[in-house]
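The same chain A turns up in both complexes below, where it pairs with chain B and then with chain C.
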Partner chain A sequence: MSERLMPKYIRRSLLSLPIDDPQLGEQAFASWADAIILDFVRKPGTDWQKELRARMPAAIVAAARGGAEVFIRVNSDRAAAELDATVFSGIAGVVLKGVNGAEGIAQASARLDALEASRGIAAGSLEIDVEVNTAAGVWNSLEIARASRRFGTFTVNEPELCRNLGMHPEPVLEFEALEYIKSQLITVATSVGGQAQGMSYPLSLTQKNAGEEDLRKAVQRARDTGFKGAACHHASWIQVCNEGFRPSPGEIAYYRKVIAVFAEGLKRGMASVPIDGKMIDVPVDLRAKLYLEWANRAQARDDEKARAHEQ
Partner chain B sequence: MTKNMNPRRSWMILPAHDSAAAMRIQEFKPDVAVLDLEYSVPPKSREFARSGLAALVRRIGDGEAEAFVRVDRDTRWADVRAAMHRGIKGIVFPGPETAAEVTELGELIAALERERGLEPGATELVLMLESAQGFWNADALAKASPRVTALGVGRIDLTMRLGPVPQGEFRLYRFLMTRALVAARMLGKQPLGALWRPGSRGGVASKDSTVKAAREGRLLGFTGCLCATPEQVAWVNEGFR
Partner chain C sequence: MNNRVARCSMFVTPTNPRFIDKAWTRGGDVYILDIEDSIAPAEKERCRTLIRESIQKAGKGGASIYVRINKPFVDADLPYAVWPGVNRIMLPKTESAAEMRHAHEIISRLEKERGIPEGEIELSPMIESALGAVNIHEILTATPRKIWSQGGAGGYDMAVNLGIEMFASFDQYAFPVAYVALASMALGIEATGGVFVPNPSGRVDQGDQAARQAEALHAAGIHHAGALHPAFIQPLVSGLSPTRDEIAWAHRVIEEYDRLADEGESIGTLDGKVIDKYEHDFARQTLDWAAACAAKDRYKARALACAQADVRG
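On to the complex of A and B.
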C-alpha cells in the first residue's frame, strides 16, 4: 500500500461506548462522532462468548444509527476468543489493544479471514487498528503496521503508554515527553498508507474537559503534528475534533484564492505568482488542491452523517 | 532483577587506581559504586588500577554499596578479567555497538565465574549506549545476554558523533533518551539517564542543574544515572526521589 497525501479515512472523532449502556443507540446518535468504538466486559462465571454473540449484532446497529463507523475494541492477548464473540456484519473493523509485535496482528488477521467467510462479511474488508499502550508496541511499530494489509491506524493511548514507560510527565517539563514516540507512530502509519490518531500534550494526558478555546488550539496542534483525529474523552470534544481535524474555513478560502491566482498566472506564462507577499508555485498549488479535496471529503462525511440523522 | 531493594538511583564513578578516592563512598553513600577503569583513570595508571581491583571490589562489595566495574571498551577483556572477583555485582560496558560484542563479553564473564568460584550467571551487565549504532540496536544489544539488567544513555560527547557540539539545548539527546527508554521498558531493564544539558554535567554541574537533570530524567521514565562527582550523589538521589 502506498503512502497517501491525504487522510485515508475521515475519522476525526472517536468515541468509546460500552455495549452495556442502555442508552447506547441514543448516545451514539447524539454524539456525531465519526467513529464509535464498542467496549464490552467479559462477565466472570458466565458463558460470555455466547452472551456477546447474542448481543453484538443489535449493539452494532445501535452504534451505527448516527452514521458513525463502528469498531470493536479487543485485547490482543485474548484476541481469537474475543473476535469470535464480537465480529459481526456492520463493523468497519476492530481496535486491537496491547499489541506488542507483528505476530499479534497476523493472528488477528487470520482470525478475521475466517470470520468474514463464516459471517457474510466481504473478504478482507475488516480493518485492524492498533491502540498503542506499551513500549514494545512503540519499538515494533513498523513491523506491526506492515504485518497485515488490514492495518489502518495507530491510536496513542497516552496515559497507559506513560505508565508502561514509567513516565510521569508534569508541566515542569518544557517539552512533550512523548514527542518522538508520536512522531514515529505518525510516520510509520503513513508509510504503509494508514494514519494516526492522537491529541496534543497536555490534554492528551490530563484528558480533562477543557474549555472550547483551549480544546480548539489543542486539536489544531494535534492536526499540525500529523494526527488525523483523536479519541474523545468527553462528548464536548467531538464537535471540536470534527471541525478541527480538517482544513479550516480560513484555509479553504485562502487555498481557493491560491488556485485561482496561480491558474491566472500560468495563463500569463508565469511559474510563480505572489499572494499577500508569499510566492505561490507548483507545490503550493498542489497542496491547495489537496487541502480542498480533504475539505470536500470531510464535508461529504458530515453530509453522510446528517442524512443518517434525518432517517 | 536485584536481590535487595536498593533503588540504584546514584551510580557513583570512582577512579579505580585511587583507593582513597574510591573509599569515599563511605562518606557519600551512593546506591551503586562504579569502580572505573575508563576515563577517570589516566592511561599510565590503568595497569595499576587493574592490579588493585580485586581488593577494592571485595572491600566495597562487603559494604553497603553494590560494586560495579566500568570497563574501557577498547580493553574490556583485560578489564573484565581484573574485575571478576568476590564482591563484584556487575560490569558496566560503555559503548556497545553489536549484539555479538555483548554476547561475547557475557561469555567471558561466565568463564571467569566458573574459574573463580563465583555464582554462575549472577554477574550483571549494564550497557551504556554511546553511538548511533548502539542506540539503533538497543533492543538487540539488551537481548544479547541474559545478564543485561540496565540500559543507559552514555557519554553525551560520544552521542554527538551524530551532530555538531550544541551550544544550547541538545534536542537530539531527547530522541536518544526516548529510544533507550522504550527499549529498556520493553525488555524490563532499568533505564539509566538524566536530562543533562550542556554545562550541567560532571565536574561543572551545580546542585541545581544536577537535581533538575535527575528530576526531569525521572519524569521521562528513567530511574537512576551516573554521578561524575561525589557531590552529585545526594543531588541525584534527591532528583530521582
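On to the complex of A and C.
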C-alpha cells in the first residue's frame, strides 16, 4: 500500500445551492460547508449556454466566499454542452451525475482538458466526482474510477439509486439495504486513491430534518462505513458533519497514547503491545499516525474557512 | 499430514521463546511463524535466522506451519522462510498478480535448491487493502501454485486503508470480504471469510468471542479462522468441526437417499425434512470434513504423545 493522504480530501460536508438563488453568496458564506455544489437549470427557449457563461464566474466567486471548494453539477448524458457553459476558473472540479460506464467519465475528462487550456485553468487540475444513481454506475464503478486520472470521489445519491433499483425511496425498512453497495463504492474509490461520500440509512433517504442526536449517530455510522463526508440535505447538518467526519477529541487522545506506548514497546524490542486488551502493533501505530494527520488537516481546513469569514 | 484442516491458525513470534516453545502444547491446527508486523524492525534480521528451528519446535504437536513474510522484503525473507516442513507462505498486503508471480518464482527456485518437491509449498495472498480486494481474481489466478483456502479482506490493515475504526457493531467490510470469498469459491478455492461477528470490545483474548465466531462460521460452512491469542484455539478447533449430531444426521440422510435411489426415487422425507440430491451432497461434504478433522486430530494426538514422551525423556 502506498503511503497516501488519508483521506485524500477534507470534504466533510457538501451543500448544493442553485445559482438562481439571489442569496447564493450569503447562504454559502453562512453554511460553513467544506464544499458547495452549484446547480443550474437549462431554461427552455433561451440561449441557456450563453446565459450561463455570463453568470457562472460571479456565481463561483459568491459560492467560494466562505472558504468552500466549489463544484458544478453536470449531467453525464449532455456533459460536453454543460461543461462548456459552466467551467470557469475558481472551481475545484465537477460533479458528474448519471455516469454508467468508463466512456462517460473519459469523455468529460477530455472536454475538461480542452476547457482548462482555453480558460486559463491549470492543466489536469480539475477533479471529476461521480454521483452514483444507477445500478450500472455501481456495477461499473471500478472501470469508472480507473478511466480518468481526474476521478476523485463517489457520492451515493441514495434516493435516486433506490428508484433505479426498484426500491422504495422512503426509509420503510428496518435495516441498511444498500450496505454492500456502499461498501463497494468506498472500496473501489479507495483502491484508486480516492474516497466516497454518503450518509447512513435512514437519514440517507429522508428529506425531513433530523434531531441532532440522531444525526450524530448517523454520521458516526457513515464514518464507520468508510464515508469521508456527506451531501447535506439541510444546512443544519453541516456542523455535525464537519465535527463527525474527522477524528474526535477522544480518538486523538487515544491515538497519542497508542503512539507513545508502541514507541516504548519498540525500544524494548516488542512490536506488539497491549492497551486494555487490544493489541497495538504496526498497523495500529500507522493508523494512529494517519488519524493524527487527518485531525490536523481537518483543523487546518477549519482555520482556512475561519480566515475566509474574517475577510 | 492433512494440511487442508486449518480450523485455527495462530500467529507466533519466533523471537519470543515463550511463545515458540509452548506452541506445540496448545493444540492449534496451524502456527504462522511471523516475520511481519509482530516483529519489531530491529528484530527482523534475527527473526529470519530463527525460522528454520522454529518450524520443528512449533510443529511438533502435529500442526501445519505457515510463514508470514514482509511485503517490502520478499526477496530477503523468502530464503529464510522456504524450508522442508513449511506448508504455506503468506504474502501480506498483496495487491497485484505481479507480486504473486515474483514470490512464486523465488519459491520455485528455493524448492529446487532445497530438495522440496516443486509446487509443494502453498502461496497465500493476504488481502489487506481496497486495491488487493478489487484485484482479487487476477491475484488468485496469477500463478499455478496451489492455494487451498483464501479469505480476509478485513482486519487492521484494511481499516487503515479505508480510514475506519474497527469493531463497530455492523459489518464494515460487507463488500471486500464477500467479494474476495466469492472470487475464491468461483475458482474452486475454499473461502475462509465472509461472516461478520460483532466484537465491539475489540478484545482478542476472550474464548466466548471465539466460540461465537466459530458458531457463525460453522453455520456458513466456513472451516478456518485465525487467532491472535491461545484462548481462541480450543473454541475454534472444536467449534469448526462437525458435531456428533451433524455426523449422525449425515449418515441417516445418505442411508435414506440410497434407499430412495434403490426404489427409483430421487426425493423423499426424513423426520419431516426433504431428502434430495442436494441434501445428500451436503451430507457427503459433512462426512468428508468430519473424516478430515478426525484424521488431523489423530495425527496431532500421535505427534503430541511423541513430543511429550521426548520431554519426559
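Just so it is clear, the second predicted complex is superposed on the first by the 296 of 311 C-alpha atoms of A that agree within 3 Å, B and C clash if a C-alpha of one lies under 4 Å from a C-alpha of the other, contacts with A are read in each partner's own complex, and residues count from 1 in each chain.
Note that in this section a residue touches a chain if its C-beta (ideal position, glycine included) is under 8 Å from a C-beta of that chain, and two chains touch if they have at least 3 such contacts.
Owing to the predicted nature of the structure, the values given are computational and were not obtained by experimental measurement.
Applying the stated contact rule after C-alpha superposition, one finds that A:287 touches chain C and leaves chain B untouched. Within the superposed three-chain model, A:134 lies in touch with chain B and out of touch with chain C [touch as defined at top].
Contacts of A:191 after superposition on the shared chain: chain C is touched, whereas chain B is not. In the superposition on chain A, contact is made by A:278 with chain C only, not with chain B. By the touch criterion defined above, A:164 reaches chain B but does not reach chain C. With both structures placed on the common chain, the touch criterion links A:177 to chain B but leaves chain C unconnected.
Shared-chain residue A:310: touches no atom of chain B or chain C. Counting the residues of chain A touched by each of chain B and chain C gives the higher count for C. Once both structures are placed on chain A, chain A residues 179-181 are touched by chain B and, in the other complex, by chain C. Of all residues in chain C, only 13, 15, 36-43, 93, 95, 128-131, 133-135, 156-157, 159-165, 168, 170-176, 178-179, 201-205, 228 touch chain A in the complex they form.
Touching chain C in their complex are the following residues of chain A: 1, 6-7, 142, 176, 179-184, 186-192, 195, 221, 223-226, 228, 251, 265-266, 269-272, 277-279, 281-284, 286-287, 290, 294. Those residues of chain A that touch chain B in the shared complex are 134-136, 138-139, 162, 164-170, 172-173, 175, 177, 179-181. Per the touch definition, chain B reaches chain A in the complex via residues 139, 174-175, 178-179, 181-186, 191, 215-216, 218-223.
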